[in-house]
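Chain naming follows the written order as A, B, C and D, and within any one chain the residues start at number 1.
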């Protein structure tokens, strides 16, 4: 969804790091190419030199975003320089998570297809392989009815965004019932990696359930050993994912 | 299926709006690219200046339609100027829905693959996420046996088309048992959006069923709040979908 | 599998119709592009001017076949002019079906992925939508153990081919347990259409089963009304499928 | 995962056969294109003139590997000439299998998506069609907890690699719980063939299970007849798979 008006114009946090914004554009296109982002969904990064500012595209489908589309926001999700551009209504997802999570510098909101079914059932999404250990053993699920009763399910304001951030807590991923999910990370490669492998995990887990028989998930200790290591190596798939997209 | 003969040549409703017909060509190709339309299936729009005329391609697969293929019909589905072109036998789907639904200006008929299974079982297609709230909670299913007994399942005439329109009623989508579905809208973007997200919803719901456990569907009030809002924003995915197709 | 030697060189049935052989090349590439044929599998046509001869590619993957690869065989599957080319071991599928079925002029043998599971279970493949009415209500399943005990499952000789043709009987499609299927038709477009929609039907039926609830299949009378009509219109999807492939 | 340091520099086994290394590059790209290898995973070949050396890419995603990326290792997985390049941490998979299996000259390690679910359930992967007879009737499953207790699931050292090789035994394929699998062969075409059809078999078996009803798997005697024949014909799909990739 999009938005046109904004009363407040906060000052800029300073010029964007061009490489960081190129990475943000790549992230949008990579996640569209990988089938994680549909025509909706969005990705943001925190301003590298101003912790109270973040960058997010104008209202546009991730697959076709360019560097010119990137806008700067404060953490109340007011644009620094709107220039009449349409804005994502749901940008409060990003602002409120950056407020609540100083460790987070990148946020992906998607309608990742195989993850949505887990948001509407009582079956929990759980880490089934080492690539998705970051899910750990308690992926929270945001039920917007608990936050604001009957709504159109969009994160339309700071109240909704803060409610989602609260449910996310210190996790890496939160589901959103009947809507999608958010994946966060200390940097854009980590958030993108998590968005891709959250979808992969959902597919694998759904297939394991369909096979029948008891399933062995990662033990909490295995999750800790994996997420705690320093050689995360997210740049390896990133280089391959990037080779598949073209940025004009 | 196609048709070659027509006895009646009704007068034209006036020249077509070129932009509208370009949108109709794009809609055909978008829905083929998105996996909603197979080699069969078709999309129409009502004449923007003559409510008793509509535009529909000659008998041809949606993926390869061009502007030259678009023909004009009256609501009894007689061609204004056939020029010897083959016609879709099932064009009565379009004519009869336009007769029954003055609010509808675009109709998609597809064999959308994941939707067909819902047309043959007693399990109801229900809105599982906000993108598909337009399904509301009672998607009707047209059983042609109730309309005309044993047939070849095609909507071959006005009786079949009117029967389908009757079952569609005021809904946005109707299934057709063992055949496919129709999605309608006030404009082409809306009808295309609904065709895409009806397929998406079918996939998500099938996956949720396979996971097991009770599923939470959208509440009727949530559906109303979503379908009632003004910022529908169907142009966002449309721009991305269009960027994926080439029109010669 | 392939074969190199042949003792007998039968006379030719006369020069091939170039258009027919171009259609055979297109059929191979279309079925690979549509996901019906993997690296193995093959397609043949009967000689248009000699009912006791047929055309089939040398041993090569369908996706990369060219007109130069087409070879002529008699119905015992001896090559007219081998020129040292490798041959499909399983060519007896084609020869024996042409012997048994004078009405058949095109044969597709595939490992169509969603059809194989139906060949190993007791659940019958049944027509779920009008596009696949040609399946009728009794798709036979060839169990090679009944024909020749324990084998490597390949149709390695005339005995195996004749056994398969016997099980096929007058049907349009026969499954082959743990192996694949054959689809036949009076012409190449019909056989290709049936190969594509046999795979589609398998997907739809598998999804309907997974949804749960009783399923309504096509009634025998509906199948007869569909398969008996003259306006089959297989050229409509063929034109679209062909537009997706390039033939060098 | 990758690795940067190595204390030992063993002597080279002699210059690589350029054709063999081109085949290794092609194998990487083919398996990525076929959906078997994700951004991680790797493929190796034994040195054709030095049985105690093997070739493996530097740490890089298989889809984008070039001939310049290939490195030579001894069977303790020490690089002959590292040149500062990052190395796969899990290269011990390759070294330890080559030690244990003189008959093996190519190894694929993948996160083949549909195979992972079989590694976490009690449902056994079994050969469902003739193309996957090499699975025979007892695909072993490596549980790293049995080898080294709680770990990050990676094959980080010789102990893990040897444990995996021990579980693999004389089989062609071994699953790795919550991680992936290894496929081996006497040459690169065989190993690639097995990696592709292990994934295919997993899909077919999962679908057969979902259909319900008892399933007929290949009999042990059928597996022996298929794997024992000389006309394996793996070059047929290889040529087609190779035609789909471009190597720069």
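One rule holds for everything that comes next: a contact is a pair of C-beta atoms (placed from the backbone, for glycine too) under 8 Å apart; a residue touches a chain by one contact, two chains touch by 3 or more.
These numbers were taken from a predicted model, which means no experiment stands behind them.
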Degree value of the rotation bringing chain B onto chain C, based on Cα positions, nearest 5: 90
Whole-Å gap between the CA centroids of chain C and chain D: 33
Centroid distance [mean C-alpha coordinates] between chain C and chain A, Å: 47
Of all residues in chain D, the ones touching two or more other chains: 210
Arrangement of touching chains [line / ring / star / complete / other]: ring
All touching chain pairs, where touch follows the definition stated at the start: A-B, A-D, B-C, C-D
In the complex, chain D residues that touch chain A: 1-3, 32, 38-40, 59-64, 89, 111, 113-114, 116-118, 120-123, 150-154, 177-180, 206, 209-210
Chain A residues touching chain D - in the complex, by the definition given at the top: 128-131, 133, 200, 203-205, 207-208, 210-219, 221-222, 225-226, 229, 231, 233, 236-241, 243
